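Each of the two complexes below includes chain A, the first together with chain B, the second together with chain C.
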Partner chain A sequence: MKHYEVEILDAKTREKLCFLDKVEPQATIAEIKNLFTKTHPQWYPARQSLRLDPKGRSLKDEDILQSLPVGTTATFYFRDLGAQISWVTVFLTEYAGPLLIYLLFYFRVPFLYGPRYDFTASRHAVVHLACACHSFHYIKRLLETLFVHRFSHGTMPLRNIFKNCTYYWGFAAWMAYYINHPLYTPPAYGDEQVKLALAVFLFCQLGNFSIHVALRNLRPAGSKTRKIPYPTRNPFTWLFLLVSCPNYTYEVGSWIGFTIMTQCLPVALFSLVGFVQMAIWAQGKHRSYLREFRDYPPLRSPIVPFLL
Partner chain B sequence: MAAAAPPSTAPGKPRPSLPPCAESGRRPRERRNMAAAAGGGSRADNGYGGQQPRRRKGPGALATAYLVVYNVVMTAGWLVIAVGLVRAYLAKGSYHSLYYSIEKPLKFFQTGALLEILHCAFGIVPSSVVLTAFQVMSRVFLTWAVTHSVKEVQTEDSVLLFVVAWTITEIIRYSFYTFSLLNHLPYLIKWARYTLFIILYPMGVSGELLTIYAALPFVRQSGLYSISLPNKYNFSFDYYTFLILVMISYIPLFPQLYFHMLRQRRKVLSHTEEHKKSE
Partner chain C sequence: MAGCSLRPHVHWAQRHHELYLRVELSDVKNPDVSIADNVLRFRAQGHGAKGDNIYEFQIEFLEPVEPKPVCRVTQRQLNITVQKKESNWWERLTKQEKRPLFLAPDFDRWLDESDAEMELKEKEEEKINKMKIESRVPKDPFKHLKKGYLIMYNLVQFLGFSWIFVNMTVRLFILGKDSFYDTFHTIADMMYFCQTLALMEILNSLIGLVRSPLIPAVIQVFGRNFILFVVLGSLEEMQSRAVVFFLFYFWSIIELFRYPYYMLSCMGIEWKPLTWLRYTSWIPLYPLGGLAEAVCLIQSIPIFSETGKFSLGLPNPLNVTIQFSFLLQMYLIALFLGLFVNFRYLYKQRKQHLGPKKRKMK
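Take a look at the complex of A and B:
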C-alpha cells in the first residue's frame, strides 16, 4: 500500500510545524488531526483548522486523504481556532442562567427589591403566568439541547460562552426585574390581552418544537448530513413552505407573545434584538442552502414569509 | 520532534532538515502601514490622533471630490470655532464661559461629523462603521446630551478644556484628510496628528469627565431624561446612574485607545523617517 506523507504548515507564517510520514491513504482528516496533536498537545483536534490553501475553507473531519487533490506528499495549512468549548456546554449554561435568574426575581429574593418586598408574591395573575411561560420556555430549551438537537460542530470558541451568557443572563435579569417588580403595571387591555398573548406564545412554542423535531429527523444519529427540510404531516412544519428557518420565525413569535402578555418594554427590546440576530442567522442559513442545493424551493424566504 | 508515528507501522524516521515543531519562530510579516491612505482616513482614536491605515482601492473620483469638500468644510468649521474662542477671550479678558460664543458652530460641526458614519457605511472611507459610529456618537453625546441639556454646566471651565482639545484635534485631523486625499501631505501635519494627541487626548478626556461629573447633581435634582416606575410600559431609566456608568467606561476605554495611538505613532513616524533617510 502506498503511503502518503503529510506536512503541516502554519497558515500565517508558512512555518513547518509537523511532518508525518507513512500516513495511510484512507486516513481521515480527523485522524491526521489526532496525529498532529501528538506533537503539539496544546492544539487538540477541536481547535485545529486544516486547509489545503492558507486562505481557503477548512477541511472536514470526514474527508479522506486520498480523495483530496493532493500528491503523495500532502501539504496542509494549520490555523489555531483558539480554545474551544462544546456547544452542549454552552447551550446548557446560557439557558440555565435565565431560568434561575428569573426565578430569583419572581420569588423576590433579598437585595433585588426593597426589604419590605422580600419573599412577597405579586398580586397580579399575569405575573405568575409570565413566570410559568418564561420557565417553560427555558426548560424546553434545556431538554431540547439534551435530547433533540443534533449539532454539526462539536465545539465553538471559548470566548463565546462569556458573550452568550452575558447576553442571555443580562437580558433575563433586566426583564425579570420589571415583570416581578412590586410596582408592575399589568396589561392595558387586561385578561383579553393576556389570553391572546398566551395563545400566540403556546402556538409558537409548539411550532418551534415541531421544527426542532423535524430537523432532528432529517439527520441520522452521529451523522453530519445536510438535507433540505420539507413540511411533514405536522401542520406546524408547513411553515417550511414559506420560510427556510421556521424555528426562528416561531421563536420571534413566542417572544412577541411574551411581550404582549407582560406589556414590558425591556421584553420588547429583547425580542427586537433577538429578531435581528436570528434574521442574520436565517439569511446565512438560507444562502448556504441555496449554494448547496440546486433544487432549493424558490418560494422560501429566510425568516419572514415573503419579506425577509 | 519532527515526525509522528502513523498508526500501523514502526516509528517513522525523522526528517533531518525540519525545524523544531514547538517553536513559533518568525513573527508574521509586518504590514506596511501607510499613513496617508488614499481613502481619506480612519478613526481608531476618537479623533485625537492615530490612524488605522489600510491598503485598499480608494474611492472613485466623485467620492474623492465630495470627501475633499467635506474635509475642507469641516476644517473651516473648526477654524471658525477656534477663532471664535480667541476673539471671545480677547473681548472678555477671561477664559470663563466662552462656550456661549461658539455654541452654535460647535453643535453644527460636531453633529455634522455623523456623516462620517455614512462614509464608512458606503465604503468611501476605509474605516470600521462600528468604531466610527462609537466615536462620533460619544462626541455628539457630550455635545447634546450633557453640555446642551444641562444648562448649568455650560459655565464650567471643564467645557473649555474639551472644546479646545476637540478644536485643535479636528483642525489637524480634517486638514490631514484633505491633504491625504490630494496626495500632498506635509510632514508637519502628519507629525502634528500623530504627536499632539499625546497632550490633547488626556486633556479632552479630562474635560469630558469633569463636565459629566459637574452635570450629575443637576440631573439628579431635575430627573432629566429619567423615567420611573410605575408606568404602563414597565420600564425605568435613571440618567444619573447612566452618566456614572459612562464615566466608568472611560477607565477601560481610554488606556486602550491611547496606547493604540502611541503604537500607531511609532509605526507611522518611524516609517516616514526610513523613507526620508532613503532619499
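Take a look at the complex of A and C:
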C-alpha cells in the first residue's frame, strides 16, 4: 500500500511547519491534525484549520486523505483559528448568567435599588410570574445544552464567550432592573394582557423544545450528518412545513410573549435585537439547506412564514 | 506623350468601395498623380525595372471614380488609393477590355468578391459592437431633467450658505465679538431651511441620482441636523452661546466650496482652483466643525440633565428610564467615530480627484 507524505505550510508565510511521512491513505484530516499537534503542541486540533489552498475553505475532520485532490505528497496550508473554547462551556456560561442576574434583581439584593427596598418583594403578581417565566426559560436552555443539543462543531473562538456573555448578561440586567423596580408599572390591560402573554409564552416554549428534540432525533449520537428536518407527529413541529428554522420562530414568539407580559421597553428591544440576529442566522441556514439539498421544500421561508 | 515613355509595373486590387494601385518604383520624388475625366495620369522620377528614369502611365477606369486619389510614398513603392463613386464589384479595372501590359493583380491585397463581402461584414459588426459598448449606458429620457434638478438644488444650497456666510461676516465686522451671541437668532431660519433641504442629498444618493455613497451622506446630514434641531433648537439657553457662531461659520465655509463644485460638475465644467479648494478645505474645516459640535454637546449636557428635557423617569407605562444627557454622552463618542469615517472617505476622494496627474505613460 502506497504511503502518502504530508507537508504542512503556514498559509500566510508559506513557511514549512511540519513534514509527515508514511501517512496512511485512509487517514482522516482529524488524524493528521493530531499528528501535527505532536510537533506543535500549542496548536491543538480544534485550533487548526487545514486547507488545500491558502485562500480556500477549511478541510473537514472527516475528509479522507485519499479522496482529496492531492498527489502522493500532499501540501496543506495551516491557519491558526486562535484559542478555542467548547460550545457547551460557552452556552452554559451565557445562560447561567441571566438566570442568576435576574434573580439578584428579583430579590432586590443591596446596592441595586435604594436601601429601603433591599430584600423586599414586589407587590405585583405579574412580577413574580415574570421571574418564573424568565427563570424557566433559562433553566430549559441549560438543560437542553446538557442533554438535547448535538453540536456540529466542538469549539468556537475564545473571544466569542466575552461577546456573547456581554450581550446576554447585559440585557438580562437591563430588563431585570426595570421589571423588578419598586416603581414598576404593571401592564395597561391588566390580567387579560398577562394571561394572553403567558399563553403565547408557554406555547412558544413548548414549540421551541419540540423543535430541539426533533432536530436531535435527526442526527444519530456522535455523528455530524445533516438532513432535511420534516414535521413529525408532534403538532408543534408542523411549523417545519412553512419555516426552515422554527426553533428561532418560537424563540422570538416567546420573547414577544414576555414583552407583552411585562410591558417593558428594554424587553421589547431585546426581542427586536434577538429577532434581527436570528433572522440573519435563519437566512444563512436556509441558504445552506438549499445549496446542500436539491429537493428542499420550496414552500419554506427562513424564519417567518411567507415573509422573511 | 513621347513614345519612349517608360511604364512602371503596377499591381492593383479592389474592394467594394475602393481601388488600390501599387506602383513598383523606389526612391520616388514628387510624383504627379491626378484623375481627370475618369482617367488616372501618373508621372514620376524613380528607380524601376529599367533603372532610374521617368516613368508614367494612364488608366481609364471601368466605372466612375472620385477624382481625388490618395498617394502614399514609401522607399520601395507607391500606393495609390482611389474611391469608387458607386460601391460595387468591378469585373476588371480598366474601361478597355484588354488588360494593359504594365498592369497585374496585386496578390498581396487581392480578395475575391465573397471574401471582400465577409471583410465588410466583419467591419460592420466591429462597428456595431463598439457602438453597443459605448451606448451601454441606456439612453435616459430624464437625463436633462435630473441634471436640471441637481443644478438647481446645488445652486439653491449655495445661495443659502452664501447668504449665511456673508451675513455672518458682515455682522462680525460691524458688531465684532457681540455678533457671536445672537448668531442663532439671525441665522437660524436660513440654516434650518438649508439643512432641511440637505435631506434631499440622502434621497439623491439612495435613488442613485448621484454617484456618491450613502453612508457618509447620512452621517453628515443626520449629525448636523441633530445638533441643529435637537441640541440647539430645543434649548433657548444654548442659542445665545458663542459656539453657535463658529459652528455656523465652519459649516457655511465648507458648503461654499462644495455646492458650486457639484453644480459645475453637473454642467460638465471643471474649474481647477475650485476642485482644489473643495477637496482641501475640509482638512482644517472638518476637525474645526467637529470640535464646535463637540463643544455644543458638552455645553448642553448639563442643561438636559437639569431640566430633564427628552428624558423619561419612573414610573411610566413603558417601564424604562431615558436619560437624554447620558445618550448625548454616548453620542459624543459616536461623533468622533463618525468624523473618522467621513475623514477616511474624504481623504480617499481627495486622492482620487487631486491624485497623481501623470496618469498617461509617455
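Going forward, the second predicted complex is superposed on the first by the 308 of 308 C-alpha atoms of A that agree within 3 Å, B and C clash if a C-alpha of one lies under 4 Å from a C-alpha of the other, contacts with A are read in each partner's own complex, and residues count from 1 in each chain.
The rule is simple: a contact is a pair of C-beta atoms (placed from the backbone, for glycine too) under 8 Å apart; a residue touches a chain by one contact, two chains touch by 3 or more.
No experiment lies behind these values; they were computed from the predicted model shown.
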Taking chain A as the common reference for superposition, should the pair chain B and chain C be classed as clashing or as fitting? clash
Would you sort A:40 into first (chain B), second (chain C), both or neither based on which partner it touches? first
Kindly classify A:13 by the partners it touches after superposition: chain B alone (first), chain C alone (second), both, or neither? first
Counting only touches as set out at the top, which of chain B and chain C does A:89 meet: first, second, both, neither? neither
Classify the contacts of A:73 with the two partner chains as first (chain B alone), second (chain C alone), both, or neither. neither
With both complexes overlaid on chain A, does A:264 touch chain B (first), chain C (second), both or neither? both
Answer with first, second, both or neither: which of chain B and chain C does A:23 touch in the superposed model? first
Hey, is it chain B or chain C that touches more of chain A? B
Could you list which residues of chain A make contact with chain B in one structure and with chain C in the other? 178-179, 181, 183-185, 188, 262-266
Tell me, which parts of chain A touch chain C in their complex? 178-179, 181, 183-185, 188, 262-266
Per the touch rule, the chain B residues reaching chain A in their complex are 1-9, 12-13, 15, 18-19, 21-22, 24-28, 229-236
Give the list of chain C residues in touch with chain A in this complex. 314-321
So, in the complex, the side of chain A touching chain B is made of residues 3, 10, 12-13, 15-24, 27, 31, 35-36, 38-40, 178-179, 181, 183-185, 188, 262-266
